[in-house]
């Protein structure tokens, strides 16, 4: 349930509503909006008796939330959320490009690629320092050494940094170095990690699990928001189907499906979905045309010799083409 | 195998090659190209001995075809196929819009919708006279009466007509009335119908089965081409997955996947894929941005009262918006 | 809607009910049962006014059918259907084994395999004379010559014959030679063929399409029954999923799912589902344990040299093992 | 690569081989077998030069491992693994039944159900104290209080205990109270948790992710074994498909698929796969017939009032029927 405050409600009146909700045994989370504040009630298992709440000063009305998710819902927060980091606004109407290698390999590779993506207009640099790997014997990333290289990229190029945290230990490191923390598809329902991400001061990019419905993705975002972090970016990266023309089937209808019910920004990762660089440019054009708030794209200055996932990485020229085509 | 003729090979030399292929027990199909003619050998189960062919006049070389499909392959026909009907070119670089109701209901509905889609710039009118239905008790279409209404649309508006043939009997009627014959997703592997479509003088729009791979779609197109009809348009219309945010998951990566290996034009049906009109406009923008040669869109002047599939039909205003946005 | 007749209703009273239903513009199909006859009303688009019907002699009550399918439903026909051909009863409690090669190749192969499967206790011989093929260039079956070999098998061994019909032309031939006509997965929604099968005097084995829900399978069976043929056997043969350990994922839960709502017998084809002979015996044991009314199994005396699908064919010894294990 | 020791190789010779492997920069893991010991080399990215190893005393030969997984592979460990806890042997030929409620609710519920499943022959009691929930607002389990109730079950009934650990914190608690630690489907690729489970002294039951291939499941088991825990039980619990007759499609072919390449025992959870109690008994029969080493079944003395997943829980009578039917 949402308690909608009057337009001129005072901060003290909002606090009184939260206190009353807590007295009822639930949690009250204030959601400031452009015109009015709402207080979202969470923690209730069934209907809530709103009679006491309606009698409080400053309360305009209560609204039942019809979805299983609350904080991520447009019902709670009708305007789209814009996440602003320095001078980059994600969800603000202008698509944001996050580009870089699958894995951070070494300083030279990292800075070379960073300069390329910066030169062509990317605003965020991506690169994995901790890599979730199907095999325990595969290269698991450079770890903190990789994070230090990402910091160097930020210092030298001014690009924002996004990198993945894969467990409760390395998220502590990642949030020190990164501007945006990525939670990968395989961890979309790692609730312990989601809760921890909800206590981070940094924005979270949450990837859709490759067999997750839109509602499940939103419920996972709800975990993060319920733990206190309202800066969540969702990411469509392909779903697992029988189709074998791509590694995963990119579900661009996820964009309008999410935007219909949620206020959170949505970006698209065409590289992991396609698994082949040949399809990344057309799918990127498609994602932007459908309404994505940004792209997460793999770029490598020398894809043939990339340590990881070179087959789906654009080279410098292809990335230049991509940036021209999505303008 | 392909027998590539020299640029200055004569018609007689091509015929001699075909004859020699027939003597070898196979079939030889000449494929004229911009610069040179190729003769495609079909019907062989294994490798072909090309020594005799290479010694014939006008033969430049032979090329092994690496895919299970031949006539639909870019190896056989490197340039994209453009299908021109009157003044409409499908595959010629400018997207073609095919729009109209799911089912032809009556004269008034048909003409009203036809005028709407014509006014906003569609070039082809779509509408079902024979409807494949999951239930034997559902409305199965007006049949030939529906085809007569489609002819009226053509006479009054000049729009080309596309309508579905669902069996060997009604394809005979459909090819009399329609400019393009549609083979639906459920019939994508109805080989008897495909072969019959291959003997039709009219272009065929072949929809991807909702659980078909790209290779299976191309093999079905090969059935049509192998039977003699080279005018085939492919159509992506969504695949069946676990995802429940749309009726089917629209696989826009099908467009670059098909174009990489085949010369045939590809159109997209966002209406059937989405199953909800709210997603049709963004998905249409996406399809065009990815590189579709056209759209197949459901439009109804009064979707609420549509006999069939009103939930996914755009109304007149929405169709106007669509046409503006994809320009 | 079902009109339930009294236990002692006369044939004339049943006919009077059918006539009245026809007067109302619908179709009335009598369904004889062990204790009483029901008359199923089909062809109505919405609710039916049953007041006139209830006043007729011999009518006990009317019952609304809650499913989109009627004739295949347990609501209409509570007892399981048993299809008896000569001395073989399908659905009668004892699993029936239908075994033989994927394709009929020649007389020697056919009779050799027939003797093997007969010796080990199969009751029905399977083998394709008309083969639906993904490629137009693949072996399409021996046609009527194959049917004649199947007749020979019947004459020599007494085995019943099941073979596939793939279009309106060859179903005419198939029904002359076969005891059971198979409609393949790719034709599950070939409504024209289903209607034709509904007018055949022979029982129909209808395979589940590899992307069909149980409800769609039942609706397709309804097409056959609505056209007049009540002898329908359903067949689970695997569905298309992301899983790559088998060609298709065998959905054994289809058996209780179908039996919960329908009275039709269900058999299982583990060979096509698995695509590998190594899994056929355990999956056959599983199918029988779950409750299948029979198996459709590929057997070849020399799988390595089989013209078609040898990889999934059991050899004579393996078939003997299978028959021992499912006893 | 595997280094196969001679049948009479001494412990010292095995240690010398491990040391040499470590000198080469890899890890050497001794795998004792019935007749001989093998030493598995892990940590190499490419081919290993085995010349030095072959010259060591007690070494018979080296064998290249052809799969991406090593320790879980039958190549490394040809005999099936049997996991024995007290007097219960999992993988030993006799199916083991693990039964109990979805969630531990309170003492009375827990002990009531435990007595029921004990009385009918289950050997292991299942019940969740920590529940992974799609919604942050759902009941997340009783936590350590639930574990204490499970200990009470063990003390009173002698049943072994299996319960789920969902993160690095609660696995420490779970391994104190449980005999088998369950890793759920959503955590199948939570590599941090898998590595931690690999350092646990307790056997691990690893559920297949609902969109995981068999190879991915085995790679996740490899994480556990590579970290030192060789007691791993795999569990098939249904995969996500388009089919809507069950919550997930139970893939019983997973059993022969796993057993073909791995030595680990495989159990089946029909309750979560089906999502409906009506299908649990037939699917359990099927699982055992196909060759499962055990079942994980939800049982509740009062399913209608179960806090969680009552729809798929068997009641006492149904569980009694199940136990009779799988004998």
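All chains are identified by letter, namely A, B, C and D, in their written order; residue positions are counted from 1 within each chain.
Convention: a contact is a pair of C-beta atoms (placed from the backbone, for glycine too) under 8 Å apart; a residue touches a chain by one contact, two chains touch by 3 or more.
Note that the coordinates shown come from a computational prediction; the quantities given were computed from them, not determined experimentally.
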Chain-contact steps, minimal, separating subunit D from subunit B: 1
Chains contacting each of subunit A and subunit B, listed by label: C, D
Of all other chains, the one whose Cα centre sits farthest from subunit B: D
Centroid spacing, where centroids are CA-atom means, of subunit A and subunit C in whole angstrom: 50
Inter-centroid spacing, subunit C versus subunit B (mean Cα positions, whole Å): 33
Centroid spacing, where centroids are CA-atom means, of subunit C and subunit D in whole angstrom: 39
Subunit D residues counted as touching two or more neighbouring chains: 211, 240-242
Residue numbers on subunit D that touch subunit C, as the complex places them: 211, 213-214, 239, 241-246, 249-257, 260, 273-274, 278-279, 282-283, 285-291
Contacting residues of subunit A [partner subunit C, same complex]: 240-242
In the complex, subunit B residues that touch subunit C: 42-45, 68-70, 132-137, 139, 166-169, 186-187, 189-192, 195, 209-211, 216, 219, 222-223, 226-227, 240
